[in-house]
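A quick write-up on the structure given underneath.
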């Protein structure tokens, strides 16, 4: 029981890397080590952490693609491997499916729960209540993800591996698939909000330009920013030259193009 | 209000303020969400600046709303944009007819490319180096492994964070002063909108994904509705979907409602197989 | 003989789909059925039509790429299969080469004969004789294609399949190839006429822009229209802004960019 | 002339006129030819409008000449463009200095994309659905197969035809009114030329094909004249060929002559093998 | 100074002068070097023109400096550009405020495409034909082989050289007169700079090559610094390297010094393996 | 000895094609023949020349990519084959590695020696001394490349093939590699000098446009020139229209767009 609580705290510390500068506390190397410390076998924890780190080497989030939830995978995998005395293979065999399973919960939260905090923050912002906004940020991260992972890890360790396996088998495939699909749709809200803010009919065509450059020519966003900067510079020059021309019109005329 | 500590002549923003923002930027992924990603953390980080520059609730509300919009970039490099935003907010606070839309446009235009560079450098290079060092020790059970791993990664990564905060602010302030002097202030608004919208267009194409795999015909002639749409114009479905959302937002639908609709759509799509 | 005439009429009805809204009368499913009705074996006609429809599923015209002439292929294939009592294989074995052969005639006509009607229509149009133009349209379609297909089908059925096979073997390969090549050249007249009408030296560069976008970047026409619309909008905005600026020059100056 | 039936306030064009055009559009592929494709049918369909709007032979001649130019799109959707052309002809008939070149430019610019959308939808989707239903019955010799096939296809396809005629006219009329009010009429001419020419350029590249497969060198170094030309610029031969035709037309060569020259060239090219 | 022989009305340049340049152009690859390629030969070929048009050392120095910049194209076709340069130098000599930068810009913009066309034609077609004829005889030891080889190649190639010299001059002179009349002279400067810079940008991307193959990580995650840079932006390293050189030149570093630095870098890079 | 000198002269004549209109004297067909003449076996020389010509068919320089130094390869290969009485295989077996080896020297010279002449020419040019510039051109080509090839061929023939093989084995691989790398860096000087001359902040973005079109969209230089011409024309039109507008402002206004 105590160990379960301690492991939950370890997991929460791992997730707290997002509060502390995305400092990589959540990586298996660190989580494995701390699990080892909690269970009294540091060296084993470090070694298993290294093994899992290698397995999760390619798992890191880029943009909105989130990798398996390594914290729960590592902590539970390592913990069961240490307590049952089995080796690295056991840690991996348990850690990987757990990580995939818990990712569903994490995603569910970032799809459903955290946006609620965001909407609440919108309301606080609307009345200038900055303390409310701050609170939503801090509580959102805590209740939305941190605590959940802690509870999952603690409870799972307490229940033992067979129970988890059972849960894992219960979730129908279409739920996971449906969540993935939803995650593909959600960014449209963010971009829709941005468009609502920026777009007017004089510049709307540039949204389509960026979109078409991406879909027809497969230019990545950095490339679009480069082309966009060039287009913006040229158009601003034309605008200014035009304005400048108007200002000098009627006055003198000889040098209106000098600065071009 | 002005101290000898100010970074810029006549500026209200002190070095201390900048560091406060950089410190708050540490939680840049804490309340990360699928709707607007790192928006809440970004706003959180800027609150000290907002509070200093604006004194009325209305002004603060405006500023906070601005910074609660969609945001995302490599977290350790986000301070570059926070610095630029700080400089622009300051400009806005002091100048009458500053167009606030450019604050967001510049932020948006830069966040994509910065993420590209940052993810390569932070995740692709620095992390790999740190992991390499850490693992080589940890494999033998040596606890120095994880410790060195954290140090090798964080000293440059967090150092960069504080460095970029100042760099971003200076860059922004200098750029704005230059632009103000040459009377190009209104050009900034226009140019930023052009650039920002192109990048949003590109990001929409890359990030919003929807496909209708319903098959039409059978055998050799078989094709899907999604393929037909892509044949008309690649990315037609995501584009149309984004515009549907855009119009719902315009009709004052709440984002919560839209989010729920999307979840229902996604789950139903998976269950009945009309999305995929 | 009567059957030959009736089958010719069926074929002409099939081709008349182009007079009646491209309503798919020419598809094997319909042609086969009507052939069956003429030859007194409806059910067989429907079945063979379905078989040929499957075979010609991918045959439909897109732009200037015209598929094998299915009408003659289906009517003759079905007819011979019914009269000789052989099955679907025979219908296919005869129908496919006939369709390819008759396509040559159809193309020859659309390359040589129909343009004559068009040129005649040009002359009528030049003097405002709209009735002449109408006549050219109606007669062109009839004599240029419809009647030819009818005659081919009627005569072929009357002569029987061995004779057709003989004709098929007589046409040298280079004629068909040469016709294909000519069909690749002909659109240049249409585009040349359009260019003559639209192009002046101020906008000529956009022709090359469209061409280069297509050849260098493989952007399809829809994509070019999207990029073209964006370019047109931006240039029109610049033009108007410029004009607007000139109009306000000397008057007030403060708001000349408001609408941008 | 004006009836209570007019679609637009003060318009000469009645709903009946529009339906007449839609009806005539049924023969959109009847006199289809390789020189200018569906030009004659398009003109044929518009003649009721031309006759109503213009009263002198000269005006009618002008209008018919315009609509005898190259045209092609998915036939069932052609009425959208016929509707727009109708609105533009009406504008031309009522306004002094309307630039007629934009009538053709708009038509040209839209026909390619419309064909892309239309071919996907009509040929790729609707036809396949109709065929699927038809064949499943027909295979057992059931005559309902071909009947349902025709109904499932034609009810939506021809319905669309009439619907798009009205939609095109309204769209065109509204757009033109808006543009007239904002004084952008001359911009229309310019913008339409830019858009139209770009699309023509693209269509030339896609549709005109000519290749010279004469080999130069042998063994590993072997290449063809066509490849060399494409190495200089992809599509150089079709481009050059189109310009040769363009200049012949300018020198008042008859299209019949050019057509015959092309046939000779094509047949000789196949016979001697210098084209391919 | 003016003779009845002048190519253009009122021109100082005679046909003889043009032929002199064409003759000198024969050595277009004689002092070819990796730093600025055919720059010295180009300047050498133009010296008769420079001497005729300019009489003071200062003017000549200016002109020679211009033509000692980077140059390269298919040598037999270089006279087209020499002809254009001649016409532009003449314009510069006679007109007050001609912007000399366009002389180089036009040359630069055209040399790349001309090389593309020329290399295809001269090396890919004409040489292959000549070799084919020559070898078929030479294989049997017939000395007519090499002789015919040289004749078949050189008669068209060198003929073209002299022809293009005159064509280039006329083209240039006519174009300039036209532009002068329509008062577009200053547009030339701007347009030439836009075109020239775009082509230089493209040539930089194609010609400057540098790669850092140092591996980061191992196993599946392994990547190289070069790949990371290309992931950020393709061609980032060559671009950055070119700008480093550009800034060194601006800081008045000598090209000799830079050249030596590059040699050291290249050799060290190969020895230690940090370039590749 | 005399033969060595004569062969050196033949080689120098071959390289002198670059003085005489790139007239293909350097091709194996010609060099083989002349070597045959010098060694008294014309027919053999022609035949071997033809063989080597075939082997070097794909070797011709495009831009800055220089092929193996065929002159030395052909002259020495042919000469050794004739003097030792061995056949075409021997000529090839020797000629190819020699050509690769001598290319290193030729490149070294064009990287290090010829640029010195160029820099000297810069100095002469700076003071208007055109004779100096001419001299640098003529002497540069002679001492920088021509003489070197002559000497290499003469000395090599004099020493015989075993010695050459020895030299070939002495050069470490990294030197050749390093030279290749340097050749990839050098064009930056040329482009840097051009940029210094042309670029100012108003047009700098077009350099990046050209670069980005090349790297992101793989458009070759000819294509970039086509797009560049279009961009230049459109921008010049805008500029002029603008200027024109200003000139007519206040005067009349009706026709300012007529010429567009």
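Odds and ends about this structure:
As written, the chains take the letters A, B, C, D, E and F, and residue 1 is the first residue of each chain.
Just so it is clear, a residue touches a chain if its C-beta (ideal position, glycine included) is under 8 Å from a C-beta of that chain, and two chains touch if they have at least 3 such contacts.
Just so it is clear, the structure is predicted and the values come from calculations on it, not from any experiment.
Using the contact threshold fixed earlier, the set of chains in contact with both subunit A and subunit E is B, F. Taken together, subunit A and subunit D share the touching chains B, C, E, F.
Repeating the A-E interface with over half of its contact pairs identical by residue number, the matching pair from A-B, B-C or C-D is B-C. A count of contacting C-beta pairs for B-C and for A-F identifies A-F as the more extensively joined pair. One finds 49 Å separating the Cα centroids of subunit B and subunit F.
Annotation: 12 Å between the Cα-based centres of subunit E and subunit F. In terms of their C-alpha centroids, the spacing between subunit C and subunit F amounts to 53 Å.
For subunit F, the set of residues touching two or more other chains reads 57, 206, 208-209, 212, 216-217, 219, 222-223, 226-227, 229, 233, 235, 238-239, 242, 245-246, 249-250, 257, 260. Counting partners per residue, subunit D has 116-117, 131, 190, 217, 221, 232-233 as the residues that reach two or more other chains. Every pair of chains that touch is listed here: A-B, A-C, A-E, A-F, B-C, B-D, B-E, C-D, C-F, D-E, D-F, E-F.
Subunit E meets subunit A in the complex at residues 186, 190, 217, 219-221, 232-233. Residues of subunit E that touch subunit B in their complex: 216-218, 221, 223, 225, 228, 231-232. For subunit E in complex with subunit F, the residues that touch the partner chain are 25-37, 39-41, 43-44, 47, 50-51, 56-61, 64-65, 68-70, 72, 75-76, 101, 104-105, 108-110, 112-113, 115-117, 119, 123, 127, 130-131, 134-135, 138-143, 145-146, 149-150, 153-154, 157-158, 161, 184, 187, 190-210, 233-235, 238-239, 241-242, 245-246, 248-250, 254-256, 258-259, 262-263, 265-271, 275-276.
Residue ranges of subunit F in contact with subunit D, taken from their complex: 57-58, 222-223, 226, 257, 260.
On the side of subunit F, the complex with subunit E involves touching residues 18-25, 27, 29-30, 32-33, 42-44, 46-47, 49-50, 53-54, 57, 60, 62-64, 107, 110-112, 114-119, 121-122, 125-130, 133-134, 136-138, 140-141, 144, 174-175, 177-199, 203-204, 206-216, 219-222, 224-229, 231-233, 235-236, 239-240.
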